[in-house]
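Below are two complexes that have chain A in common, paired first with chain B and then with chain C.
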Partner chain A sequence: MKKVLYIIAHNLRVLRSDRSAFFWLLAMPLVFTFVLGIMIRDGGGGSGEPPRYALTVANLDEGEHGAALLEAIEEADEIDLLVVEGPDAGAEAEALVEDGDRSAALVIPADFSALLEAGEGAALTFHRNPERMNPLVTRQAVEKIVSRLNVSALAGAGVLEGYEHLWGAVPEERAPELTARADRFVEEASETPPLTVRVETLGRGPEEDAPAMGFSHSSPAMALMYVLLNGLMASVFLVTERRERTLMRLFTTPVRRSTIIVANLGWRFVVGMIQIWFLIGFGALVFRVDWGDSPVGLLAVTVTYVAAVAGLSVLIGSVARTSRQAESLSLVLALTMCALGGLWWPLEITPRAYQRVGHMIPTGWAMDAMHNLISRGYTLAGVAPQALVLAGFAAAFTVAAVLTFRHE
Partner chain B sequence: MKALRIALKDLRIRLRDRNTLILMLLLPVGLTAVIGFAFGGDAGISAVEFLLVSPEEDGFPAGDFLTGAAANFLSQIEIFDVEVATREEATRAVSEGEKSAAILVPEGLREAILEGTPAEVVVLRDPASDIKAGIVQSVVERFVTYASAGGIVGRAIFETLEEERPLTDGERWQLTGWMLRWMYDRYREPAIGIQAADTEVEDVNVHAYFAPSFAVLFLLFTMLGSAKSIHEERESGTYDRLMTAPVSRATFIGGKLTGSYLLAAVQMLILILLGSIVFGIRWGSHPGAVVVMALVTAAGASSLAVLIASIARTGSQVDNVGTAVILVMSLLGGSMWPVEQAPAAFQNIARFTFNYWAHSGFKKLVFLDAGLAGIAQEIAIVGAMSIVFFALSVRLLSRR
Partner chain C sequence: MRGDAIIDAERLTKRYGEIVAVDSVSFEVPEGEIFGLLGPNGAGKTTTIGILSCLVTPTAGSARICGIDVTKDSLGVRSKIGVVPQEIALYPTLSARDNLVFWGRMYGVPDHALKQRIEEILETVELSDRADSRIDTFSGGMKRRVNIAAGLLHRPSVLFLDEPTVGIDPQTRRSILELVVELNDHGLTVLYTTHYLEEAEFLCNRIGIMDEGKMLAIGTKEELTATIGATGVIAVSADGMDESIVGWLRSLDAVADAALVESELTINVIAGPNLLPALVEKLTSSGAAVHSVDVTVPNLESVFLHLTGKSLRDRDGSPAEGEPVGKKT
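Moving on, here comes the complex of A and B:
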């Protein structure tokens, strides 16, 4: 045991002397956590406020309906509006979208009011930049506004047609009064709609002053990703030790093979634990991530995950013939495992087959456990299944590493 | 001529190296495939699973029947998988993450719509499901908007006509029957419609979006490895040996830069070809513009990598500084995440990165079917970056 601790301490001293190691282990994950957290916060708004979607409007209509629609869009909180005016406004709005300066544009046609007043349908034209994904949400916001206006138009028309259906043609002098009355009713009823939606988020729910979800996903995801990436890259050390014969020299001393293997697993485990808990601590203090109510559960998940990474790192170091081979293998495995395990995007939106693949590797289970702790407020018992699976991965990788470990 | 021989020698070495090939081709193609598997594959995204809960107090079978019918109706929509449950079952399933959300249908929903009495639809959300629970919430909000609107229109018609002339029971029935048909027709063809101007454009092709971004990202990494060879030659002594031969330093630098550029051009062109073959990406109808964009991008990436190598003092510094620069630039420039989803400040920063302009050029080729004129701005900016990086690296390398 003493020898194991000595080798671990020695390797940590070597690592400490490498300034760039601190950058890769601690600084880079924070940069990624910050940028990713800001990007996914509130659907990309980044400000902590509800997201706003860019929409350019060209109102070619000079009538009251065009003005009413524009006013309704101006009042919508979710829309970041830019109005273009002038005779070429339609073409200008279209060009802004085509050039990628704006993601969506709405053109109100010149005969908009005239068509509505004549009781005919009028079509707005919605331009979207096909490179962008946000316009789909923008269109939904516009549809919501338009549906409110449609209600007014419908009520007026419905009263006249209903009258006609029951009692025959509407006397010419009564028509304006009837539609105005229907409009008033719609206006009053719309102020307090009878049917409302209440959303209850189950689980522990965020604390009142907690930031939006961005960092509560990016913080655990980037912590798991960088522990994996740096951990697997550490496989290069083992190859270097073997190629430079320092490992062989160690075998000439009275140190057992098992001691060397345990020490190799051990120092990787220690570095991984320092790294992940630094990132967790930083996430809690700076990004205000609420890591849940169960530090013990979090410890169980981190211990088993880091152990699995350490085992895999020694395994790669054992099977790779050259440093570059170890580097390439580590990079391919780490990036693939991050993508498949839900560290870059939530597994919930991926196809079933993808989710199944994601749960064949440690990252999928580790991310599940993090969600259970952070969002659902599970305790140790709640994350025990994930921790046990991670422990299984750790055991399997370690056994494989022991079987393949070679000093020359 | 000597410079070209150095360049071809470098190119041969790189293309024979399996690890370089992994970085050059396997990783960008592999990650594009993974992202396609996640978002754009034939399987599409997994179904949004949620539960419908009947009003608690509704002991009549009609309540369950209607909820069941609604669940069946919603399940016909491809992305939904809806089941009926009790409140307890729904709360348990949602809180444990088995279902993304549950909708609690309120007692008196029909009265709320028809008579305007207050009622509340409750959506239970799984806290760990941001996207799918959000979809369910959005569906409910749309339903409530339309149902409320329909109810208001119906009541407006009834109340206005009642005020005009009190309705008999027969007239009420007659009006109700007529109104349901009328509203159904009117909702299908509303007074104000929205038509898409881009109906001829296909939906965002995930492969086509990410293939160029990963190509640019891994192009930069390959170039870094290639540029690092300047230091490796010096550190291993082969540079000194070369200097004993009748080869000038300028020839050596020229050979190294040309070698890097050739490798970059080969990588970009192969990745574009693989994109077409493996993922069926249509790079637009201007192949000339695609080749020009690829060659300019290759020039930018190779000169940036050589600039990093010329600033660094050792091969290991090239690795550390270069990887950090590439990762941060790629993260900010949209090679890892759609930059248009970022806040405005980030989008402005993105414009200072090589990745942003290179990716923007390819996006215009693929999604807007732009020709050379359409990507002139991108070519000019990436070209200008290449010239500046190249001039700086030649100056720095010549001094050493």
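Moving on, here comes the complex of A and C:
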């Protein structure tokens, strides 16, 4: 055990002597966390605040109904509104969506008020960019507002028709008062609607949850990605040790093979743990990410994930013949696992087949566990399945590494 | 263990599929001796050291270091030996002291003794003033000395030096050979592999000549040269020679062996001086342009030529002709 600790300490010293290591281990992940967090904050934002969904509105109508609709949208908490005005507002809003600058736009036609006042139906146009993450959610928010206005309009019409049925034609001066009363009634009734749907979640499926966005996604994703990337690239150390014969020399000293292997796994594990907890801490303090209420669950996930990465790193170092081979293999594996595991974009927005592939590799399970902790507020029991699967990956990689470990 | 041998190898064999890297090699090395394994690249020297240092499992045969079987107690053997590989097996971004601390700990040197051992070793290899400099700032010779120092920290019973002077300049070579002699003067047993015959002649008490995995002969330089029955060696440097001259020489009663390597002709002669006029005439008549002719006493090159019919000399890697390889004190 003493020699395991000596070798771990020695390798950390070798790592420390390479100043660029700190940049790759700590600085780069923070830069990417920030960049990715900003990129996907549209509709997400950091944790702690309700998500807001970007919507551009071009109101071509000059009547009161268009203004009322716009006002209702402005008052909606979940909408991050951008109003474009002018004669070309419709085309401008369309272009913003088409170019990907905004995820969705609503165009209120010029004859909107006129059609409603004539008792005819009016159609709004909703433009969406499928490449952006939240148009569906934005559309739902818009439909909620439109539905509310529809109910008010129908209630107003109902009141007028009832009045007419009971007392004859509605005096012109009373009509606005009656429709306003109906509108108030709808507004008050909507606080406590007579019909409600109680949702009970049975089982669990990522597609049922809104994906974590902003730093809530980028912080865990980049922590997992850089632990994987740096961890696998550390396989080059092993190839270098073989090439420079220091590993061979170690095998001529009175140190057991098992000690050497455990130490090689050990120092990679220590570096990975330091790195991931540094990034978690930084995420919490600077990016205001709420990592959930279960530090033990977070510890279980990080321990098993880093152990899997350490095992895979030693395995690659054992099978690669040259440093270039180890670098290439590490890079290809790391980037593929990041993409498939949902580290670059939430798995929840990907097709079901993609999600299944993502759960054949450690990153998919690790990100799933992070999502459970951060977005769903699960405890240790909630992430135990993921931690167990990650422990299985760690065991499999370690066994393969032990079988292939060689000094020349 | 046979007698007082620190190294005792019996019929060591190592096969890699069809290739026999070491073929039934036996030898003993008594305490306090510098024993050389001399042979060209691929002769099986490094594999032999690999078996003795428990890196390679022998296919057949047995070996004991200080009476400990290398296949049965590898940790016991490794605690008795110091291995200095041909390569600079050190961590270049760490200081000499940090490297020695690490290797000392791996050899199990207690912490309370390690500091003093390191100071002593650094003094022995004359690097005390550079102890805290990074290895990658050292010259080739300094790296070689730290490389050797790392194998001495635990005061091994025997030191394995695997071609420690390959590819280094004459001055560094000299300093390393002198260091080996100094260590041996303090009682250290050394197993030294080389393909430079000058080093083997200068350094080793006894020499084992290896080729193609086999141990061809073992003895002191004098014992080995006596076996060839030659009284002199003629070395000819000439352009335009071919194998026909070797055939002609071997047909002569005065010639024990002859070999041609590029433009260098080596002849082990039984009656040297009488052969010279006929040789020069033969070379001239065959159109060869003779640059030099040297007549010397038999050496290990002559022995290797006698045993294998080939020349051991590697002109590119050997010390220059006549260059002293070291100074025995």
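Following the convention adopted for this analysis, the second predicted complex is superposed on the first by the 237 of 408 C-alpha atoms of A that agree within 3 Å, B and C clash if a C-alpha of one lies under 4 Å from a C-alpha of the other, contacts with A are read in each partner's own complex, and residues count from 1 in each chain.
The rule is short, and it goes like this: a residue touches a chain if its C-beta (ideal position, glycine included) is under 8 Å from a C-beta of that chain, and two chains touch if they have at least 3 such contacts.
This structure is a prediction, so every number in the text was calculated from the model and none was measured.
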Contacts of A:Lys3 with chain B and chain C, given as first, second, both or neither: second
If touched residues of chain A are counted for chain B and for chain C, the larger one: B
Which of chain B and chain C A:Arg249 touches, first, second, both or neither: second
Which superposed partner A:Met233 touches (first chain B, second chain C, both, neither): neither
Touching partner for A:His407 - first (chain B), second (chain C), both, neither: second
Touching partner for A:Val146 - first (chain B), second (chain C), both, neither: first
Residues on chain B engaged by chain A in the complex (per definition of touch): 17-19, 22-23, 26-27, 30-31, 34-35, 37-39, 41, 43-46, 91, 94-97, 100, 109, 112-113, 115-132, 137-138, 140-142, 144-149, 151-157, 159-161, 163-165, 167, 171, 174-175, 178-179, 182-183, 186, 189-198, 201-204, 209, 316, 320, 324, 327-328, 331-332, 336-338, 340-343, 345-346, 360, 363-364, 367-368
Partner chain A, residues of chain C touching it in the complex: 53-55, 75-76, 78-79, 81, 83, 85-94, 98, 102-103, 105-108, 134, 150
Parts of chain A lying in touch with chain C, wherever the complex brings them together: 3, 6-7, 10, 13-14, 17-18, 244-246, 248-256, 407-408
Residues on chain A engaged by chain B in the complex (per definition of touch): 20, 23-24, 28, 31-32, 35-36, 38-40, 43-47, 69, 94, 98, 100, 103, 106-107, 116, 121-134, 139-140, 142-144, 146-151, 153-155, 157-159, 161-163, 165-167, 174, 178, 181-182, 185-186, 189-190, 193-205, 213, 217, 324-325, 327-328, 331-332, 335-336, 339-340, 344-346, 348-355, 371-372, 374-376
